[in-house]
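Heads up, there are several structures right after this.
First chain A sits with chain B, and in the next complex the same chain sits with chain C.
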Partner chain A sequence: MDQLLQHLLNTLILGGTYALLGIGLTLIFGIMKVVNFTHGELYAFGAYMMFFFAMVLGLDFFATLVIAVILGVALGALIEITLLRPLRGANIDTTMLVMIGAWIVMQNTEQLVWSGIAKSINTPFPVEPLVLGPVSVSWVRVFVFVVAVLLILGAQLLIHRTKLGKAMRATFQDRDTAALMGVNINFVYTATFALGSGLAAAAGALLGPVFVVTPTMGNLAALKAFAIVILGGLGNIKGATIGGFILAFVEEMGAGYVSSGYRDAMGFLLIIIVLLFKPTGLFARAERIG
Partner chain B sequence: MLEIDGLDCCYGKVNALRAVSLTVNQGELVTLIGANGAGKTTTLKAISGLLPPVGGSIHFEGEDITQASAKRILALGIAHCPEGRRVFPYMTVQENLEMGCYLRTDRSALTEDMERIFTRFPVLAERRSQMAGTLSGGEQQMLAIGRALMSRPKLVLFDEPSLGLAPNLVERTFDIIMEIRAQGTTVLMVEQNAYAALEMCDRSYLLESGQVALQGTGQDLLDDPHVREAYLGG
Partner chain C sequence: MKTALLCLWLAVLLTVPLWLTDLYFLHILITTGIFTIAAMSLNLLLGFTGQLSLGHVAFFGIGAYTSALLSLGFDLQLTESYRFAVAPKPVWLAFLAGIVVAGFFGWVIGRISFKVRGAYFVIVTISFAEVVRLVALNWVDLTEGPMALSAIPPFTFGIPGLWEETIYKKQPNYYLVLGVAILSYLVIRRLVLSRVGRAMIALRENEPLATSVGIDVTRYLILAAVVSAAIAGAAGGLYAHYVRIIDPDIFLFIYTVTMVIMVITGGKGTLAGPIVGGLIFGILPVVLRSFAGPEIQWIIYGAFMILIVFFLPDGIVPAIRSWWEGRVGPLAEPEPAELSNARPAERQAE
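Moving on to the complex of A and B:
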């Protein structure tokens, strides 16, 4: 029983960051229809920015987190403007190839700049875990969870309650008609990609200090993000959030009760099952925002 | 109010409009009639900035809007109610109307305008928090018209407002458009239902293969033997 409680707690913490990754990608892949292979690299970018500002420059941990997310947004905007804007309306295969190229360039740049050696990031949190009866959790993970939940709620509010969010939904439901309403379509595309990228960078910046930072850390993250998006249904923010928690749950239980060596395999097994029986994802189309 | 002179438009290498010239005066209801592919929708898209023309000019209230952005053109007072209604299906009725006044910032007047739309179309008020994609075709048309009016336009472009509607709703839609004009908004309407379009308009233009083939008052065109033969069933 105690072991189960511990696993559930771990699920919650891990699920928060998975949800962040998933929401970021569902905006770009599910709504903008860009198969974004750079998502994992933006995740790694967030983690490296955390390392650079906190460990190399010695800046405050919390300030670094904000900087890392802002830089992630900026890098996303740059990718959209330089690579995707000229390809607007191009074949999805063309865009996909360009994004694969960007992925390779970004990953190799990370390797060149930071070398292949794993980096670790110190946190200002106490080393002793927070003990809650039979279960315990490290403070940094509690922090990660809280920030992830705040970011998820923030993204939800942005999309459903603000004018920009409305413009985003309108644009991806019907681009020409949104233009007729006076929406600046180019700006909406850039903003959406930048927002998705910022969420990926945030996930990396949050998990960097929990694990270690390596140039290939983005690969698995990107795969999982795609899995979460497919699980939740394309373009469905709530679906991506719940999908993130489901993936974390399956991984955690699989690792705990089957074999920890199969942790990552469990999630993908789940995706295969979902795709076999409900290829549109677990959540209804009616929930889509674009 | 609106002056189009020698307009040329292309889709890729295909010429869709050749030297189209037309005018719409303040307070008029002008219609564009013609067969499928004659260039009616293209003309409206060129006016509202969705399809930049390759030649000719478009002036609205004296200002050159030939190459202006859709946003600028809307801000000047031209709203476009597109073919096939094109409501945002996964947004609520209210959100669709809010999109109609995306550029406006006068919040109190906005609420007033929205209430006015709801009074005119009570069915929209009943469904204000329902997804627009779940409305019937007629309700979607009301929503599309309401949305176009939310920008407080001086000129509204209607593209095939009767398309795909049940006969009684077609009547109702035309009545609404005449009401809009009666309240002082100028209307340029594209319509395949040539008889209705000619009956209700002040003036009309007949487009054939991307060119203006005929123009005149509604009655002129109704009496024209070619129009009778080709568009009114003899």
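Moving on to the complex of A and C:
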């Protein structure tokens, strides 16, 4: 029973960052229809920026977090403007190939700049875990969870309550009509991609101090983000949030009660099963496939 | 003209080991050949049916593991009372079994993943390859996991009991790979120039229309997936018995990407495309490695891929073809992809 409680607590903490990754990707993949292979690299980028500013330059931990997210947003905007804008209207396979190319370039640049050796990031939090009756959790994970939840709520508000959010939703519902109504389409595309990228960088910056930072950390993160988006249904932000927690739950239970070696396989099996039986995702409204 | 070129090309390929005696270059040619076979098989799906399968390395790896395991033999304790043991089999039999098993998985995955299209299809195929990799990594009793399968026997030819020849040297390995490559090329060519190939291209160009004129889309897609997976499995088997050590890293996504780059650069949906792309990206590392580390090499590959998509979206072979036709006149035999090259505007509008 205690073990189960501990697993549930871990699910909650891990699920928060998975949800961040998933929301970022559901904006890009689900709404913009870009199969974004750079998503995992933005995640790794966030973690490396955290390492660079906090450990190399010695800046304050919390200030670094903000800088990492801002740089993630900027990098996302740069990718959108240079690679995706010229290809707007091209079919989905074409942009996907370009994104694969960008992914290879980014990952190997990371490897070149930071070397393959794993980096760890110190945090200002106490080492002793927070003990809640039979279960315990480290303080840094509590912090990660709180920030993740705040960011998720922030993204929700941005998309459903602001003018920019309304412009996004209008653009991706019907690009031409939105343009005729005076929405600046190019800005909306860039902003959406940048926002999604910023959320990925935030997830990386938050998880970097929890785990270690390696150049290939983005690969699994990207695949998991795809799993979350498919679970939740394309473009569905609430779905991606719940999908993040479901994936964390399945992984945690799979690792705890089946085999820890297959922890990462759980997500992929989940994708295959969901796509077989409910290809629109678990929480989708009626939506067309592919 | 075209026949003369083909003869010249074959003559060069056949005589390579006679004038190229440097073993390192021969090794490069053998591995290039193996990956070119894999790229040709991917092209059948990606180029002719238009389905971007990004889990293709799974079939390569399944072929490699099946062939290696059967030739080494294995002993599995499945349950308390049930043991499953296989004695070492001759290499050629293991190799054929690898092709069959890879083809079978192609059928299973085809059945599962052709229910969805586009981005979903891509994700299902990637997920499948990752699951297979994790199984190879974790099922240590069978695959030795990260410790790798080593001392895989090389190919043996001959008549049992009378005369047998085990090939350790590079030259016979080269001819073996060349033989399988030519055979694969002929199979793919036969397939895409037939009625089946026209059906595949029809559904690539316009699936609803193809369905409406009575083409059984799923059947042809699955047929393509099976043939494609079987050929990839053959490439994997060649790899296992040539390199003679395999570990779960052969399932890494980056190898699928290598195949995709080869196909896209050469020209997807053309018969010659993967061969041209395979040769370029097989030999490029030799040129680059004198001044660039592996990371720089990969960065160049990635940038190359972006540039190709931006500036030469149909690949090198169609570009050369149209340049040649502009200068000299039409080539005698149309490539099966001509259909699509004739109307680039419509493809853009998809």
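What we mean here is this: the second predicted complex is superposed on the first by the 285 of 290 C-alpha atoms of A that agree within 3 Å, B and C clash if a C-alpha of one lies under 4 Å from a C-alpha of the other, contacts with A are read in each partner's own complex, and residues count from 1 in each chain.
Assume contacts are C-beta pairs under 8 Å (C-beta built on N, C-alpha and C of every residue); 3 or more make two chains touch, one makes a residue touch a chain.
Everything numeric here is computed off the predicted structure, so don't read it as measured data.
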Fit or clash - chain C, chain B, common chain A: fit
First, second, both or neither for A:I70, with chain B first and chain C second: neither
Once both complexes are placed on the shared chain, angle at chain A toward chain B and chain C, C-alpha, multiple of 10 degrees: 90
First, second, both or neither for A:D264, with chain B first and chain C second: second
Which superposed partner A:A170 touches (first chain B, second chain C, both, neither): first
Smallest separation of CA atoms, chain C relative to chain B, angstrom: 9
Doubly contacted chain A residues - partners chain C and chain B: 289-290
Chain A - residues contacting chain C, complex: 29, 33, 35, 83, 86-87, 89-94, 96-98, 100-105, 107-109, 111-112, 219, 223, 226-227, 230, 259, 261-262, 264-265, 268-269, 271-272, 275-276, 279, 289-290
Residues of chain C defined as touching chain A within the complex: 50, 52, 112-113, 115-124, 126-128, 130-131, 134-135, 137-138, 253-254, 257, 260, 264, 293, 295-296, 298-299, 301-306, 309-310, 313, 347-348, 350
Complex contacts: residues of chain A adjacent to chain B: 163, 166-167, 169-170, 173-174, 176-184, 286, 288-290
Footprint of chain A on chain B - complex, ascending: 48-50, 70-71, 74-75, 79-80, 82, 86, 88-91, 95, 98-100, 102-103, 131, 147, 151
